[in-house]
Structures are given as structure tokens and as C-alpha cells.
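Structure incoming, see below.
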Amino acid sequence: MIPLYFLLWLPLAGVLLLALLPSYRLAGHLNIAISAATFAASVWLAWDVLHTGPELSRGNLFYIDAFNVYLVALTAFVGLTTAIFSRPYMQHEVERGRVGPRRMRLYHSMYQGFLFAMLLALTTNNMGVLWVAMEAATLTTVLLVSLYRTPESVEAAWKYFILCGVGIAQALFGTVLLYFAAERRLGPDRGRALLWNVLHNHAAQLDPAVLTIAFVFLLVGYGTKVGLVPLHNWLPDAHSEGPTPMSAVLSGLLLNVALYALVRVKMLVDGSLHTALAGHLMMGFGLLSFLVAVLFLHRQHDIKRMFSYSSIEHMGLMTFAFGIGGALATFAALLHMTVHSLTKSSIFVTVGHAAQLTGTQRIEHIRGLIRTQPTVGWGLLAGTLAIAGFPPFGVFMSEFLVLNATMKSWPWLTLPLLLGLAVAFAGLFRYVQPMVYGIPPPGQVRVRANMLPVAIHLALVLWLGLSIPLFLAHWFEQATQLISGSLPL
Amino acid sequence: MADQLTGWLFAVLQTLLFAGTAPLLSGWIKRLKCHLQNRAAPSLFQPYRDLAKLFGKNVVLAQNASWLFRVAPYVVFGAILLAASAVPLVAIPLPTAAIADVIVLAGFFALARFFQTLASMDIGTTFGGMGASREVTVASLAEPAMLMAVFTLTMTASTTNLSVAMQHILDAGLVLRPSFLFAFLSLAMVAVAETGRIPVDNPETHLELTMLHEATVLEYSARHLALIDWAGMIKLMIYAVLISDIFLPWGIARQLTLPAVAVGVVAVAAKLAMLAVLLALWETVLAKMRLFRVPQFLGFAFLLSLLGLLMHVILESAL
Amino acid sequence: MHPDNLGVFSQGILVSAALVLFTSFVMLAQARIQPLIYAFAWQGALLSVTTALVALVSGHAHLYISALLTFGLKALLIPWMLYRLTQRLHIQFDVEIVSHPSLTLLAGAVLVVFCYYVALPVAQLSTLVTRNTIAVSMATVLLGMLLMITRRTAVAQVIGFMSIENGLFFAAVASTYGMPMIVELGVAFDVLVAAVLFGVFFFQIRSSIDSLDVDRLDRLSEKGD
Amino acid sequence: MLLAYGAIGAALLSGVTALAADRFPAVLRWISFTLLGLCGLGAVAAGGMVLLTGERMTAQLPCGLPWLNWHLRLDPLSGFFMAIIGIAVIAVSLYGPGYALEFQRPVRMPGTGRDDSREHFRPSLAALGLFTGVFVAGMLAVLLADDAFVFMISWELMSVSSYLLVAYQHQHPANRHAAFLYLLQAHVGALVILLAFGVLAGFGGGFTFHAMRTAHLTPAWSSLAFALALFGFGMKAGMVPLHAWLPEAHPAAPSHISALMSGVMIKVAIYGLIRFAFDLLGQLQWSWGLATLTAGTATALLGVLYALAQNDIKRLLAYSSVENVGIIFMGLGLSMIFVATGHPAIGVVALLAALYHSLNHAVFKTLLFLGVGAVVYRTHERDLDHLGGLIRRMPATALFVLIGCLSIAALPPFNGFASEWLTLQAALQVPVLASGVLRSIIPIAAALLALTSALAAATFVKVYGVAFLGQARTRRVAHAREVGLGMQAAMAMLALLCLALGVVPTAVIRLLEPVTQDLLRLRPAAATVRGWLWLTPVSPRVASYSAPLVVAAMVLTLLAGYLLMHWRRPGVRRVPPWDCGFGGLTTRMQYTSTAFTQPVRRVFAPVWHTDERIEKHEVAPARIAGLRYQLHIGDWSWTALYEPIGRAVLAAARRVGRIQAGNIRLYLAYSFFTLLLLLWLIS
């Protein structure tokens, strides 16, 4: 459990430290250092869990199993790479005078705060604390969305704040009902009644009626944060208006965490209901989000906004897959979580550079990236290909599995899925291609770009696409077994 | 072994016969036409004289003519000659018929046309291009009709090998087949188009608006021109022989004995003479049609052959 | 159940529950900013009273703490902050036009019925004194949302948001005698931070569109062309 | 198998080495292309070995999913296509080093100012080399794949890399548009193929081809699967009306890539269809055959008609690829029909014809694209109406292209003729069929095939006549020079192959025996019964063709004629062209390609979206000083199919866009009502 404490205390310390540190240059380095340490801790933790199996911390406050440990590692990793990217990027922003040093302090400290909130949400064993952490994640990021203080960013932040706040509130109500149901069964020792492992063990005894209502509230609540249509409206705004590193972690991580919470809940509900209600609801929402987002892709003017819609699309796909349930689908969804967050964050990194070197986020003003700065151009192209599900990138593998699972259990739903994939692809490419190709407009200049994160991420995605390393496969299988109760094949 | 050798020998002889008598046929046709249009007729051997004269002359070549222009006549002649060698003229047992069946025959014609049209474009004159363009248009419309007609026959005989087909028809004896009727008509029309006769083309004229084939040979002279003209005559004869020997093969020699072959020669001569009369009449009665009426003409030919095919499928599938 | 076969405190709980719900309706109907804040404060106070009563009935000591917490936070601190803000933004006397107020109230009433209908199966199970309060709290939550939907000023929306929080808290207290302490604290902390942030945002919005009318925040949309 | 690995490895390696090419161009020209050549040799060797021994080799790579490794397999069918790819790749690797010089000199960017520093740029050689390598590797990998997963991966790899090559010269908007269209259609096709595999896998319980072979499908399901496959692979192969991307994309790429795409990539699609229909699905149904035959006929005819109407020489070649794909499809369709109706012997002939034509088309289309590439390389002119007279400037290229034209126009004794002859022979065997419908439809298809080949001949008379014969129409063309030896060698090799494949068809058929053995459990016994000299597809009695003798006879007659003519040399006088005595011949009097096709355009008018404009510049009534003629030939599939779909999607997007109205209260209302709805649902 030692690594766990490191994992949580490091970012928490970071919050205070960075809040006090005046020099933003130094803060940038420190930010990287802390994230690196956190990542190391997560790896250590993963190592432990991989060898000794699920762990329950003293006081039952934390519970680490295969499902969340790999998300922890992923979160810490993306946190690190994004931090690496954010240092030069934000410096450049300061030089452009979009943010002042004081706000940079806020930025850095909130960055760590956000990481902390997510790690807490992932590792905690207490549904209540999970809720608190999710809310905290919102609170820490909401000020970062409006970091530039432009009217758009403020508007985006406000919507983000209100919608997520209200949504999360529903989730809390669901949690209360959950507690209510559990506490009536587990009786006296109230403290344990919200512990996930306890709930999971006694899921069968929980009262279905209550849990159904609870699930609805939790679905709407956490679903808002996952960005399920029609609760998604905050997402494109928030992702497109904040500073790019934020967009990267929001798209890459926050959505994952929310989905994680939703899946945890689903596991409980399934245990109690013995009907596929939860699954069907998730499938419905997933499919709807997928299809709607796909169409939105065709009406974009802002490059970051476009990719946030693609995040909605992929989240919808994952939700759908988790909804289907079976081992294969779950495996696919887990894999898709990983590859999507890797790819999407790398895309946002690239997009950030692109926006800096053209000085705009308007798609129609970005042209000929490959000429101006080949690394950025190719990076964007590769990332888009990857996210559009072209082999040999990992996204293809997961989508392949999702389709596969769908064909097995819901053959006719493969049609809308395929249609959606095609339309989504068209939507992405009709905008991306002119940006990377062609002749750059005057005044488009190279910038100091750190493409290392992109390279690493894409390389990883490629690796996952060609062959899943054994330990990872092992993890996925454990997690699959945990969630769906059976092994893939 | 011995009879094989005689077979090949005979094949060569027959080919020479083909080449040798082709001018005679066109001379005969010319003569008939003159009589019909009561003009003073040239001698039956006029074509030979023309050829001989042309062979004797020096070649006058355009400055910018390329090697292709000079090779083309030989290729054209060669291709047509090969085609001739594959068609049973007087006797059925023809080893060369196995080398090239009907489809290959069409292929040879196409080859000849390909080179002739190319050559006509080589100099870069307007007439050349015009001729080539029209020639290929007409040809590409004639080809399917012809193949369709041939299919009808070959489906009856279930072979594309000419001598085998004729054998089969002879063995079947005198059978009236509706399909053959249509096939005959369409093949005749195609032949008219392919050999550049009225009403599709007019070999006698050099008027810009009317000529197809002639436009492609304007720049040629002397031996080149001779070869091309000769090839044209052979082509005409091939079509005539095809029609006559396929639709009324009687008289053609079945084995290579002298009397049989003699009978064959006479028979084929008679048949060709008759056909020539028909052609002459036809050319006298009809007038050259506008270029863009030709597609309709050939379309009709295609329709006929299609009908023939359907007749075969519907009425004769029992036969 | 009939109130008359209950203890006086239990009756008190029911009464205050009713009052909480009533305050939500008041807020829904209230067009002026300042009275809205007062109503909100009253709701907080009633909430803490309820909590105290529940603590008294059920004898859970830790509920007293949360009662105090609630009172401090939701009856005093947050209303006060909001009040100060409205003063500093000079909007305390603003009156906003609520479209079809009566219709809104009617909708609220329907909502209550709906919530009762939904919560019925849950209520059947409950052995607690305060069994039907789940419906009430759910209603409070939904009424809060309704408030947010019908109001255009940011302040009103915040109050709606807070009243949703109240509803949640009420649910927690009334249906399950409160959540585990750590969760309580966490939630309270979150609410506090949220309140502060709202304060910040008023100014940001004000400075960006020099008004607090959220309907004018519609730059980001996909309507275009 | 090792050879195949080696080939793929070499291809990838050449791609990797090319990365250095931006700094040292020589690397690309010498190392990368050499490796590519090795790859080609390896592929040919691997394919040839399998074809000669007729054995199958399988392997598994520890990649992919934990429970689904990569299954690979090399059997005669894949071997044959591997050999095809190999040949083309060898040619390209010979051609490349010379051709790549084209991209070393900076190119002017259109639309930028004179004194602009960005006016010139150098296309990245690294990208060119890298993607070429990956492209080739992808194609080879598709052939090796033995489970749907590997198949899809390598398939998409092939598509993506070729897409990047199409977009290589992306300074031209047209190329960008072409690339987008290409990738989009490729992706859609891939998804459909995936669905087809999914149906099979659903019944077979696994994504390995082995499992699919053992799957037992109901006729309805297998028909569905086949329909999907036909759609997917047809889209890649350029089946009408899914062909729209092909004439856009193939010309856009650098010529040697166009050669690969047109020559072999669409063959990979054909391979996919054969593998799917004949191997995986097994039980063929004659209705599929009919569908394929009809599609093929339409494709062939429309393809050639569109080709005929083109003036851009590379576009023209692309359309003629569509035509040839149609011919191949006809062969496949016939084969399906005959096999399904219980005449495997004839089915084999048809299948042979299809395979044979795939090989031939690969050879002569590659040759033609390389030749045209040479022309473009020297003249920077793709419009036929600006070329002319090249036979005198580039004699070698002219000769090779002539051979290519003869082959593609299906003229004896070249290879194109042999395969079309086989197709016709197969079609002529209809009397054996019981169904009168088939017996009347198939001959019509055959006749249309004849029409197609005649039109093809017309097309290439036009190409050769306008581009290589006559007089040069522009100054640049008039000063064109012959290309380097490497490029000539590539073309020479292919030209020889054209002749060889045409002259000894029996040898090719011998090679193909194991393939048919594998697919239809039957060898084309009759075809070579009378020895290598005679090709007798069904039986000597029914039909026979002896290309060697034809060639011999032809050579003899030519020699004889030549000697006869020249035994005493009558002089040759060079004079100005006669031209019916008009004289004053200028290059502008020549028939242009537009003029050449006018009669055909008029005959088949409804096929095109023709937009013909004549602007008269009249100085005085009835005194015309100048005429301006412009003609635009449109593809009807656009207005009929693609534009409506695009519009529909955009309309849907617009509708959906309304829900994101920007008003936060609206959004709140959404979640509010969602909540209510769900609550209402559950209770």
C-alpha cells in the first residue's frame, strides 16, 4: 500500500507547492517532476497488484483491483506526458500574453489538483468518496477552462460548471439511494455500507427497486461527465475553450474516470437486478451519443471542438460496448479506453502546436501544416488516422472487437455502427486533410514544438494494435473477468 | 505423317490460291457493277494490272513518316493473309483452321485495322485522323454484331473451329434453321460494313464527306498502297467465302483427293460468282448513307444476330 | 402513516419536510433576487432543523454535527455570500420576468406527484419514521432543476443549484440518517468551494458580457450557417 | 514462406531506408529501390515456388490478440497473385531511380507570388520511399493473411499508404480531393468487407479463415455475405458504379505508383473476391455468378466508354483499368455460373481466363503507366491534345508503349488477346446450360465483351495516334528527349513479358493448374492436351488456338513480303505530305483526341454527362473571327449516387446541429427531461 500513499500524497503536495511557487518556469519543471514521481508510484502500485492481486487498504478506504489499477497507471502516464507537453506550450502562451504568471500558478496547482482528484476517484473504495472526487475534478478544472478569460472561455466554463454540477448532483442522489438500499441490508455498521467491495459482495441482497432508481440517477449523473448525448452539451465547449493541455487531460482522462464510475455502478446494479436493464440503458445512450456525435463532426469550424466531438463519439462507443456486457465486448471497451485516451491526448497535443503556429483554432485558417512544420503535420495526420480506426493502430483492434461482439449478440446493430464509423471518418477527414496538406497561408511560422509525447503515445497505440503485451493482456483479462464475470474466449 | 505433310502443303497452296484469286473477285464485281450501271467495263484482270503497276513504282514518302508508317502495310497484309489461311476455301480438312478459329480470325482483322488506322494518323493530316476515327467507330460497332452471328452458328455446331463447323453442318444435311437465316443476314450486313462497300462506305470516291477507308490510305503510294489494296481484296474474299461456305457448304471437298478438290474449286467459284452478283445488285440499288446513319445500320445487324441467337435458344434447343 | 400515532418530534420532522418543499415552491415563484436568497436561507435553516430533529429521534449523535454544518453553511454563509455578491454587482433589486409563473408552479405540483409515484416502491420498504421523505427530497431536487431551467439570471441559477444540494442533503438525512461522516464532510467542502467559485464566475461573466443573463451566453453552438 | 517474409521485410526495409532520403537523395535512388527490387524478386520466387510445387504453407505469428494470433498462409492462389505483384514491383524498382529525379528538383507552388521564398518547395523523397515500401508490404501481407484480422490490417495498411501516395503532390487541390475521395471509399469498402467476414465468422465461430471454411451458412446468409463481399471488394477493384475514386486517385499519384495501383492493387481486391467466394464460402450459387457477370459487363463497357472520352492520358488509363476489371469479373461470374450448375470443367476455363487476364492486365497496364510516366516526365504534359509526334523524339518508349497498346487492345498474338479469347470460349459453352435465360444472357454478355474490346482498340488507336504519331503540338513536346536506360529497361522487361505471355499461354495455364486444383478440385486437363503448341480450353474439336504458330507464320509472311519488296531496292522519295493536295499542313490541323472520339461520343451520347460549349466570336454577321470550343465529360455515377448521399449526410448533420443551440437552460432542460423520461420508464 505504500505506493498508493505516494500516489495520492504527491499530487496533493503538488497542489500546495505549486500554488505557492511564484516562478512559472520553475513550476513547469516541478510539475513534470511531480507527475513523473506519481507515474513511478503508479507503476510500482501496478507491479504490486499484478503480483499480489487485489488489495484493500487499511480502513477499507481504498481498493485496488485489476480494473482500476491499469486506469491509474494510464492516468498517471498521460498526466506525465501532458505535463511534459504543457511546459513549453504554456510558456509560449505566456509569451503571447494570453495568461499572466499569477494565473500560471493557478494553472499548475490545479493541474496537480485535477490529477489528485482523478487518482482518488479511481482508487477509492467508497462510493461517497468517489462522488466527492468526481465533483472535485470538476471544481479543479472549471477555473482552468476559463483561464484565458475570453468571453467564449468564460461561457464554456460556466456551462461546464452548471451542467456538470447539476449532473453530479443527480449522481449524489443516486449514491444516497444506494446507501439507503445497502444500509437496510447491512444494518448496524453504517460505515461499511458505502464500501464498494462490501456492496459488490452483497449485491445480490440489495433491493432491486431502489437500485433501479439509484441507477437512473447515477447514470444521468456520471453520464453527464462521460458526455453521453443529450447530456453532453458542456463537453465540446469546455474542451475547446480551455488551454490545450487541459483539453488533452479532460478528453483523455476525465471521461475515462467518469465511465469507470459508471461501470462500477453497473456492476452493482447487475448484481442486484439480474436483468439487463442497466446494460440496455447504457447501450441506448452509447449508440445515441455515437451517432449524434458522428453527425456533429460534419459541422465544425474549430479544430479542438471537432476532436472533442470525436471524444463523445468514442465514449459513446465504449458505453455501448460496456452495455453489451459479454466478455468480448468488455475487453474491447477496456482496450478502447486505453487506446482512445492515448490517441486523443496525443492529438490534442498536436492540435495545440498547430493552433500555436497558425495563431488560430479556426479550421479554415489552418493550411499546409506539413509544409510549415512537418512533424506537426504528420503527427496530426497519423493521430487522425489512428482515431479514425485505421490499422495497424490500436483503435482499429478495439473497434474490430466491438463490432465483433455486436455481431455476436446484436447483429442488426452493426449496421448503424458501421454507418457511423464511415460518416465519422468522412467528417474528420474532410477537415483534417486540408489542414495538413496544401499550401500554407502567409504568416504561418514554425514554433518550438515538443512532439515527444505524441511520438510516445502513437508508438504505444501502434504497439497495442500489432500485439498486446502479455502483462497488459493479463490485466485486461482480469478486469474483464471482474466486470463481465467471464474470460474472453 | 505423310498426309499431315500433304495437309500443310495443301494449306499453303490454298492460301496462295486465296491471295491469287482475290483480285479476280473484285475485278468481277467491278465489271458487274459497270454492266448494271451500263458503263464501259474494265477488263476482268484490271486489278492485277493495277497491283503490278503499283509494285513497280518508287515509293513517295512523306518527310515526317515514321517507321510505323512503313511497317504497317506489311503487317496489314500479313494479318489478312493469315486470316485467309485459316478459312477453308475449297476443302474442309485444313490443318491451319486449327491454328486460328473464328475469334482469332476477328482478331486478325482487328490487328490489320489497328495498324492501318495508326499509320493513317502518322503523317498528321486531317484526312488521316478523320478516316481513322470513322473507321474505328464503324468497326467497333460491327464487331459485336459479327461475333453474335458467329456465336449463333458456333452454338449450333458447338465449335469455333471453321472446318469442324462446316463438317458438322454438312453432316446435319439440309436443315432449315431460322437462326441461320438471321445470322446470314446480319453477317452479310457486317461484311458490307467491314469491307467498306456501299452503303457504309464507297471505295470509288475520294470525297471528304463520304470516305472512310480511303481516307486512311491517302498518304500511301507504290508497293505500300499495293499491299493495302491487295489485303482489302483478300478481306472481301474472305467474307464472301465465309458466308458462302458456312451457309451453303455443299460442294466443298471433304477429303484431299484431286476430284473432290476440283469439285470444290468449281463449287466455290460458282458460289462466289453468285454472291458477287448479289453484292453488285445491292451496291447499285442502294446509295451511300450518312455516317451517322451507319450506327443504325449496324444496330439493325446486331438486332438480327440477336434474334438469330434467341431463335436458336428458343426454337432449336431441341435440335 | 398517520401523524397522530407518531411522537411529536417525528411529527415535527414531517412538518419541516413539508416546509422544505414549500420553500422550494416559494423560490420557484419568487421573481426578485433578494427574497429569493432569503427563501434559500430559510430552506437551509429548515433543513438543519430537520436534521436536528432526526438526530433527536434516531439518536445518531453525528447528525447534530451535520445539522450545525448545514446551518452554518446553507442558512448563513452561502446566503450571506450571495447577498454580498448581489450588492457588489448592484443587482439585489433586480426583478426578472418569469414566463408563465402559474404554469411553472403547476408543473412543480405535477413533479411532486410524479416523484411520489416514482418513490412509492422505495417507500414501501422503508421502516424509518421518515419514509415518505424520499419523495419529498426527490421533489426538492427536481424543483431545483426546474428553477434553474426557468430562470435566466446566473444568481437564480446558482440558488437553484444550491437548493438541489439541499434536496440531496435532505434525502441523505431523512431517508438514511445521514451519510458516513467522511462523505458528509467531503460534500460540505465541495459545496463550499462551489459557492466560492460561483462568486468568481459572476464577475467573470459580468466582465465578459456585462450582464448576468445566461441566455446571452450562446456564442458556442452548432446552430451556425 | 521465408521468401515471402523476405519480400515483405525487404519492402518495409526499403521504406525505412528511404527515411534518410530527404538528406541524401541517393539513398532513395539506389538503396531503397534496390531493396524494392529484391522484394519483387522474393515475391516472384515465393509465388513461383508455390505454383510449381503446389503445396501450402501456414504459419502463426505471436502478434495480435492474446487469443487470436496472426495466421499466415501461402497457397497457390496467393502465390500466383504474389508473383503478379512481384513482377510489377521489379519493373517499378528498375524504373524508380530514374523517375525519382523528377522529385529532386524543386517544384513551383501554384498560386504563390513570384518573390515569395515559399514559391519553390521540394516534395519529401522520404515520404515517397517510405509509403511505397509500406504499400508494397501491405499488398503482399494481404495475400499471406489467413485470418480476417490480419487481412483487414494489411488491407487497410495498403489503402492508407496508397492514399498518402495519392496525396503526395498535394499542392494541387485536385489531388487532395482525389485522395480524400479515395480514402473515404476505401474505408467504406473495408468496413463492408469487415461486415462480410463478420457474417462468416458468426457462423464459423472464429475469425480464422479455417473456421470460416468450415462454417455452414444458410443460402440466404451466404448470399448476403457474398453480396457484401462483392460490394466491398468491388469498390476497391473499381466496379461500376463504385468506381468513382479510381479515375480520380490513380492519375494523381506519381506515375510509378499509379502503375502499382492500377496494375496490381486492384488485383489484390480481385484476389480478395476469389478467396472469399471460391475458397471461404465454398458452395457457389449461380445467382452470384449472374450478378458478377452483369456487374462485370456493365463495368467493362462503361469503363471503356469513359476511357475513350478522356483527354487526360493518365485518367484514360485509369478508366481502362476499370474496363479490364470488368472483364476479369465477367470471367469470375462465368466460372461461378458453370461451377454452380455442375459443369466444373468449363468453370475452370472461365476461372483460368479471369486469373490469366489479371496477370496480363497487371503486366500491360504497368507497362503503359510507366510509358506514360516517361512521357509526362519529359514533357510535363498529361493532356493528349498537347502531345504528338513522340515516336520520333522517344523511339524506345514509343515502341514499348505500342506493344502495351497492342496487348491491351486484345490483338493477337499478344497476351491480352489470349485471356479474352479464353473468356469468350468459356462464354461460348453455354449450350451445356439447362436454363434458357442463362443461355440467352451469356452470349449477349459475350457480344458486349466483343464490343468492349473493339472500343478498347479504338481507345488505344487514339492514345497512340494522338500522343506518339503525327506532329508535336507544343514546343515542350517537340523538344522531348528519350528517358534513361533504367526506365527503358523496366518497360522493355514488361514489353517482352507481354509478348511471351501471349505466345505461350499453355505455360501460364500449366502454372495455374495448382490454383484451380485448390479452388475447384479440378485441373484444366483439356487445355493443354495437345502439348504446349496448342491451347485447347475445352477440347481440340471445340476450339484451338496456337499462338506460337501464329507468330511463326506472321514472321514468315513479313519476311517473305519484305524480301519480295526489297530484293531490288526501288528508291524511296521523301516529299512533303500530300494531304489531297491541300498543302500548308500545320500541326493544328491534326485530329485531336477530342475530335477523334466525336463520332463515338455521338453514338453513345446518353452514357456521359456531356457539357459541350461553342463560343463564336463574330466580328460581323456571318463573319466568324474565332471559335472557342470546350467540352466537359462527366461521370453519371456522381450525380446518380455520390452527391445525393453527401447531401443527405449534411442535411442530417444540419438537423442534429440544432440541438446544440448554445442556451444553457435548454441544456438543463435536456438533462431534466432525460431524467424524468428514465424515471418514468423504470417505474
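To keep things simple, chains are lettered A, B, C and D as they appear, and every chain counts its residues starting from 1.
Assume a residue touches a chain if its C-beta (ideal position, glycine included) is under 8 Å from a C-beta of that chain, and two chains touch if they have at least 3 such contacts.
Nothing here was measured: the structure is a model prediction, and the numbers come from that model.
Look at the CA centroids: the one farthest from the centroid of chain B belongs to C.
Of the two chain pairs examined here, A-C and C-D, it is A-C that is joined by more C-beta pairs in contact.
Centre-to-centre separation of chain A and chain C, using mean CA positions: 31 Å. The distance from the centre of chain C to the centre of chain D, with each centre set as the mean of the Cα atoms, comes to 70 Å. As a whole-number value, the distance joining the C-alpha centres of chain A and chain D reads 44 Å. Here the CA centre of chain B is 36 Å from the CA centre of chain D.
Touching two or more other chains at once are residues 158-159, 162, 166, 170, 213, 236, 296, 299 of chain A.
Contacts with at least two other chains are made by residues 656-657, 659-660, 664, 668, 671, 675, 679, 683 of chain D.
The chain pairs satisfying the stated touch condition come to A-C, A-D, B-D, C-D. The touching residues of chain D, when paired with chain C in their complex, are 656-665, 668-669, 671-672, 675-676, 679-680, 683.
Across the complex, chain C meets chain D through its residues 114, 117-118, 120-121, 142, 145-146, 148-152, 157, 214-215, 217-224. The residues of chain A lying in touch with chain D in their complex are 158-159, 162-163, 166-167, 170, 212-213, 216-217, 219-220, 224, 230-231, 233-234, 236, 277, 281, 292, 295-299, 370-371, 374, 385, 388, 390-392, 396-397, 400-401, 403-404, 407-408, 411, 414, 418, 421-423, 425-427, 429-430, 433-434, 437-440, 465-468, 470, 473, 477, 488-489. Within the complex, the chain C residues that touch chain A are 118-119, 121-122, 125-127, 134, 137-138, 141, 145, 148, 154, 157, 161, 164-165, 167-168, 171-172, 175-177, 179-180, 182-183, 186-187, 189-190, 193-194, 197-198, 200-201, 204-205, 207-209, 214, 217-220, 222, 224. Interface of chain A with chain C (complex): residues 126, 128-129, 131-132, 135-136, 139, 142-143, 146, 149-152, 154-159, 161-162, 165-166, 169-170, 172-173, 176-177, 179-180, 183-184, 190-191, 193-194, 207, 209-210, 213, 236-237, 240-241, 296, 299, 301.
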